[in-house]
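The two complexes that follow have subunit A in common; it is paired with subunit B in the first and with subunit C in the second.
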Partner chain A sequence: MEKNRYLDLVRKHTPKEDRLKNGTIAFLIGGLMGLLAEVLIEIYSYILDIPTKEASTFVIITLIFFGCLFTCLGFFDKWVHFARCGLIIPITGFAHSMQSAALEYKKEGLVTGIGANMFKLAGTVIIFGVVSAYTFGLLRLIIMGG
Partner chain B sequence: MNFIYAFLFSGFVCLLGQIILDNTKLTPGHITSIFVVVGALLDVFNIYDKFVLYAGGGALVPITSFGHMLIHGAMLDANNYGIMGLCLGMFNLTSAGIMSAIVFSFFLALIFKPKD
Partner chain C sequence: MTFSYDNVYINETSTITGPYEKNGPLNHYFDKSYDDLYFGAKTWEQAETKLIEESVDILLDKINKTKDLINVHIGGDLSNQISSTNYAASYFSIPFLGIYNACASSCESLIIASTLIEKGFVKNAICTSSSHNNAAEKQFRYPVEYGGPKRKTTTFTTTGCASAYLSYDKKGIKIESSTIGKVVDSGTSDVYHMGAVMSKAAADTIKKHLKDLKRDINYYDLVLTGDLGIYGKEILKEYMDIEYGIELNNYDDTACMIFDREKQPVYAGGSGVSCAPLVTYSYIFEKMKKGKYKKVLLVATGALMSPTNVNQKQTIPAIAHAVSLEAI
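Here is the complex of A and B:
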């Protein structure tokens, strides 16, 4: 009885997260990131006169560069905290996690700090991506023949 | 029209991630891992290629495209070299992203000081 009352009190005083607002912000910011990428692809392929496929690689490099730079300048953390998944799911979240790990462990030295810890957060993406891609690729090769 | 599809697709993926983040105890690390696996899974039946065709940049920006590009590069070489090609071509298409992320974050970490 006492325990239930305590839990009720805790629930009452925990700050409520507005899920609808969070979702709307994530949708808008994430959508804008996609729109920005599409616009940049058009601009790159028009100015540099290259096919869309190469232009999309250039766009990913550009977005990663600005994600890293803004993290270093200090205000990208606030943006990520505001937009949550709107900036974590796009490729900028990957850049942000690598850059913040590199900055955080910089004081421990080049090799034991930056070198050892840079993939601390971003490593999961690469490892699960490679393992799942290998498994699915092998299945597809065996079952569907490529 | 491509721009609208790009906005809608990218926004929808982010919204999905935000819903998972709000309603479960998973961390952003879990969610990005799940999305990469889903991206790889969708490419098994060439579904993600259609998203890229219609949404363009909107489908390339979310982290799902990372899994898609991994398996896509692997399958391209697997068609030529068989089972060894899976290992040969895994990073062919994603190398630009990983390479630039490593190099930029290394040199920028040397230049800038951490802000708390």
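Here is the complex of A and C:
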């Protein structure tokens, strides 16, 4: 059997992923995360009496903290698995990927284990985050003048 | 390349598993199962070594022999440099052959041991096949605690070690013949669909085995592949029919037997070096001894996947080895 025909056979027996269901769950949970962050920003800026810009930094730190804590407690992977991009795209996904890698490699030492592997998954986000921020910043400068 | 054997028998086996297999439908057939994945060790890798050591200890207990009476130990697992088996082998200090054919290692070890025994080079041999879910996830996929979504075709690596004691004493299950498979590249590079990667290799080996021995597929009461998963199983059935005109009727796949797919989060079923032998050495051998099956063809399939080569956009080669088992 030629490769293409075999690949057709494989395709025939490969189930379709439930994209609509997954997308809807991710959309709803992602939206709830946004809502949660907005509420937290309002609470922080009200209680601490700080501008919303500063409060949003506090909120990011809060989400990272809980993303890491829940990963360590061992149930965040199940949440992420259910919510998919609803929890992966927000900062919680970034925290989860770093924390899970750190947990995985902690027994291989501080430098050769945690240090060398903590950014195994999150490193990509940082690299391409910086590259796209730079690219879009440059485009904005050229088109809008800053 | 098919060999026939007159005097090789699997006299005794031992199976030891982790918690997921314990919660599966074959629970009662295993010798021992643990409730957690560390087995008292500090890391996943050391846990796998402990499994192998314990599995062989159980086996030696069953056959009432000490390790210095064993001529050779043949074993493999999924870790880099098959380190889990190497460490276990240093504990036994039995002359050792470390092998790697991914999940086809179980049949590979049986073939080597049978050939050595048949030719009289050794009197007996122990074959171990082990895998550890978390050690394999860590090495081939993502950190264990990372909850990224998985596709429906993904398989779930079994945690366990299956050991077999082979000799020329007529007791247990006879190894009647074996076929060494070829490496087949089916043109797929989907690491989340190993059934698609391995089905072609399984079909090639089954066909070769039947042709070499001039047998019909119905000669066997059961053809057992391990471990294509539910989708790979369908691919193999249709491929065998279209390509060779062979209808697989008395056929099952160990990936679909070891877990309860409805209740357990295992996607397309089990996988890993230990999947096929855990099912065969426990459940299938029990059924063979009770007379349900007389002749069984075990075809262990392995995806010879390297994350490095897959990242370099290469397709994944696969292999399958067949062992014909007979009740005596």
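The rule is simple: the second predicted complex is superposed on the first by the 118 of 146 C-alpha atoms of A that agree within 3 Å, B and C clash if a C-alpha of one lies under 4 Å from a C-alpha of the other, contacts with A are read in each partner's own complex, and residues count from 1 in each chain.
Note that in this section a contact is a pair of C-beta atoms (placed from the backbone, for glycine too) under 8 Å apart; a residue touches a chain by one contact, two chains touch by 3 or more.
Note that this is a predicted model, so its numbers are computed, not measured.
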item	value
Which of subunit B and subunit C A:94 touches, first, second, both or neither	first
Contacts of A:57 with subunit B and subunit C, given as first, second, both or neither	first
Subunit C versus subunit B, contacts on subunit A by residue	B
First, second, both or neither for A:9, with subunit B first and subunit C second	second
Overlap of the subunit B and subunit C footprints on subunit A, listed as residue numbers	17, 22, 74, 84, 88, 99, 103-104, 107, 121
Residues of subunit C that touch subunit A when the two form their complex	42-43, 138, 142-153, 186-188, 193, 196, 199-200, 231, 234-235, 238-239, 242-243
Footprint of subunit A on subunit B - complex, ascending	2-3, 6-15, 17-19, 21-23, 28-29, 31-33, 35-37, 39-41, 43-44, 55-63, 65-67, 70-71, 74-75, 78-79, 82-83, 86-87, 90, 96-98, 100-102, 104-106, 108-115
Complex contacts: residues of subunit A adjacent to subunit C	1, 3, 6-7, 9-10, 12-15, 17, 22, 71, 74, 76-81, 84, 88, 96-97, 99-101, 103-105, 107, 120-121
Footprint of subunit B on subunit A - complex, ascending	17, 19, 22-23, 26-41, 52, 56-57, 59-61, 63-65, 68-69, 72-74, 84-86, 88-91, 93-95, 98-99, 102-104, 106-107, 114, 118, 121-122, 124-126, 128-130, 132-134, 136-141, 146
